[in-house]
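Right, I'll just put the structure down here and ask away after.
Chains here go by letter, A, B and C, matching the order in which they are written, and residues are numbered from 1 within each.
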Amino acid sequence: MLPPILRLLATPLPLPLVQGMAQASLTHILREHPGLFDRLGTFAARPIAISPTDAPFDFTLVLARRSVRVTRRGATPPAYATRICGPIVLLLALAEGRLDGDAEFFGRHISIEGDMETALALRNAAESIPLDFVRDLAPPWRWAQRPGQAVLGAVRRSLLEREGVPCN
Amino acid sequence: MQLICPAGTPAALRDAVDLGADAVYCGFRDETNARNFPGLNFSREELEREIAYAHSRQVHVLVAINTFMRAGSEALWERAVDDAVRLGADALILADLGLIAYTAERHPQARRHLSVQAGAANADHIGFLVEAFGIKRAVLPRVLSLTEVAALTREVPCETEVFVFGGLCVMEEGRCSLSSYATGLSPNMHGVCSPASHVRYRKDGEAMVSMLGDFTINRFGAGEAAGYPTICKGRFTAEGRDGYVFEDPVSLDALAHLDTLHKAGVSALKIEGRQRGRAYVAQVVKEIRRRLQSGSGAADGAEALRRMSEGQRTTEGSYDRRWR
Amino acid sequence: MTDAGADPGAGRLTLTLGPVLFLWSEERWRDFYFRIADEADLDAVVIGETVCSKREHFHARAMDEVAERLTRAGKTVRLASLALVTAPRERKSVQRLAAQERFAVEIGELSAVPRLRGRPFAVGPMVNVYNAATAEVLAKLGATTICLPPELPLASLERICAQAPRVGIEVFAFGKVPLAISARCAHARFRGLTKDTCQFICGEDPDGVAVDTLDGQRFLALNGVQTVSGTCHVALDDIDGLRRAGVRGLRLSPQSCDMVAVAQIFRAVSERRLEAAVGRRRLAEIYPDVPFSNGFLHGRPGRELVAAGQAQ
């Protein structure tokens, strides 16, 4: 389960706000890490649904178009080639390379539906770039960067500790 | 003994180098190596850059060109050899007899290792290849017991390298057509075993069903630890009984025998897993380094390795004679 | 059907009987080969144990007798070596084969090669020959005939035949396909035993133990340490294509069915005295209840059967 604080934050969030935040984060991350596309190749055009099992939203990415569409769980999500499900903290830790995707799959903590090639390409592409959500998602304004990173860093640390993921 | 670590991406290579690998093995981004997976492996430019990185830290880079040249497309494999040599690879890991001969003729100075995919399981076979093609090291197939590894290592006129952790081929490597029987794509020709393009997972109530091509490979109950959808670790029916006919989902862990392997004269220990994440490489390298230095591992280290394993279980495979 | 005269690649295809992959009792094994010697229309017969060294003593006594009888009947005899050689006993067995000069050896892996010292030999389907370069390396060492790995598609066979013309290329054309070999005996394990304590239990299943998917699809079969296909590979509809590719011989792998009749059908179809479709129907009567497949030849999953019309 998602820690209460995040659940509290997430549930009442209006969809447009989540959509806006997700799109801004994705745009920023893809600008910071163009190398992602190199490994994804043609798989970048395939829609990928990320479904955190402990949050009420699905995120459908089309990386080639640099777009993400957020839908509420239960609403009809856009068509996807592959869908990755798991607790949100694990998904974020996987993206940062803190966990091994195969191991989490063996332990049945994450599951994958649909096209496995796209899922593998995404995993390997993410593995090859130094993704760091704290650094990548801190506010863009210089005055806010340090405090922003400190807050995000503390949140990440506590979340990872909760899930027992080594944090360094 | 050298520690040989897998690298599927430049990032994993740097992790392995920084964490204490003596050598890293990797492959090009095509079917010339046995881990031809989407988004994995190295471009020429990446290999050049990463060889420089590894060499600056006195770590060797071994390039696996260990599938079999597809008739009519030999140039792809020959170019891989030429490029790996040009880019400064410290050794080439080869399986195809024709490609080994090509390398010996065109690049006599290039160090040649015999891939596990060559399926050379005895001293006569390996000795012949050393004599004929100047093989410097043989990676031993996972069909030998510890006693046999020791006897073979004493007898062959080259170094030996053995797998100590990671995926376990139940069948002799390089001589298995199970995957192509189900999918048309083979480890030997296409560098893929149970290719992602043919794998599907289906939910059936609480259970997860894995399919390879048109065939059901396994069915995992709710919460039951899973493995790769490989046929040799699949669940089947024979004479009305369901079960793992060949082997359970399980990974190889021979770390309890590092001392024996050292005494046997084995030159290098290999970790399987170029398809794995950086977290896997880091965890495994750290644990083996610890054991090589202190002679024993930490209890939590063993637990972490178990969790990294298929089915969250490990086996000593053929190293333990009873496994047979 | 193509006219033989208009087809430049059309030569006579030889028919070779591969070694019995399964463990048959001494009596059954000997009687099988006696009948083959006396009645089957075959050019060559490969005999010997290729799967498991523990089985070797079963046929050791009958071996000479069988080889002589086959030779007297006009068949070329080859002695096959083991595919997986690890134990000292297994290495000795290979060395013994390489030392005798009465019959040609068909190697199951490369350890016999240096001991043959350039004498002509044949290469079995478990040796990885995927391209002409490899075939040429083996030819230089003395290989005269190579039975290619069953998973090779027609396109590869064609290239190898064209670029390594001095070797006679043989193709696996009938039988359950050898797909893998292991140090572990799945067969013994299935019967609650291990390889070391196996009591030769695989001898109780002369056609292997069928392994089906959980959905009940026929899939594989256990044969001791070897895994074979659950289907019977039948290349009858592909004979013209194989001939055009430059293949010189077809290999028939003994199954628990009338192999004399199987050889007759393959001979008749290869000599264009019988339509492949008719031959296939007859084969299904001779070897019933086993699905046919030929997908490997067409670059498809080996489990599949590619119908004659779709075969090009």
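Convention: a contact is a pair of C-beta atoms (placed from the backbone, for glycine too) under 8 Å apart; a residue touches a chain by one contact, two chains touch by 3 or more.
Because the structure is a prediction, the values reported are computed rather than measured.
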item: Contact distance in steps, from chain A to chain C; value: 2
item: B-C or A-B - the one linked by more C-beta pairs in contact; value: B-C
item: Centre distance in Å when chain A and chain C are each reduced to the mean of their C-alpha atoms; value: 53
item: Whole-Å gap separating chain A and chain B, where each centre is the average of the chain's CA atoms; value: 30
item: Between chain B and chain C, centroid-to-centroid distance (C-alpha), Å; value: 29
item: Numbers and ranges of chain C residues touching at least 2 other chains; value: none
item: Complex contacts: residues of chain B adjacent to chain C; value: 68-72, 74, 95-99, 101-102, 118-125, 127-129, 131, 142-144, 148, 170-172, 174-178, 180-184, 186, 188-189, 213-219, 231-232, 235-239, 242, 245-247, 318, 321-324
item: Chain C residues within the chain B interface of the complex; value: 83-87, 90-91, 94-95, 109-115, 126, 128-138, 149-152, 155-160, 163, 177, 179-186, 190, 194-196, 209-217, 219-220, 222, 227, 229, 295-296, 299-304
item: Contact set on chain A toward chain B in their complex; value: 39-41, 43, 94, 97-103, 105-108, 111-114, 116-125, 127-130
item: Chain B - residues contacting chain A, complex; value: 8-12, 37-40, 196-197, 199-201, 203, 208, 220, 223-228, 249, 275-280, 283, 307-312
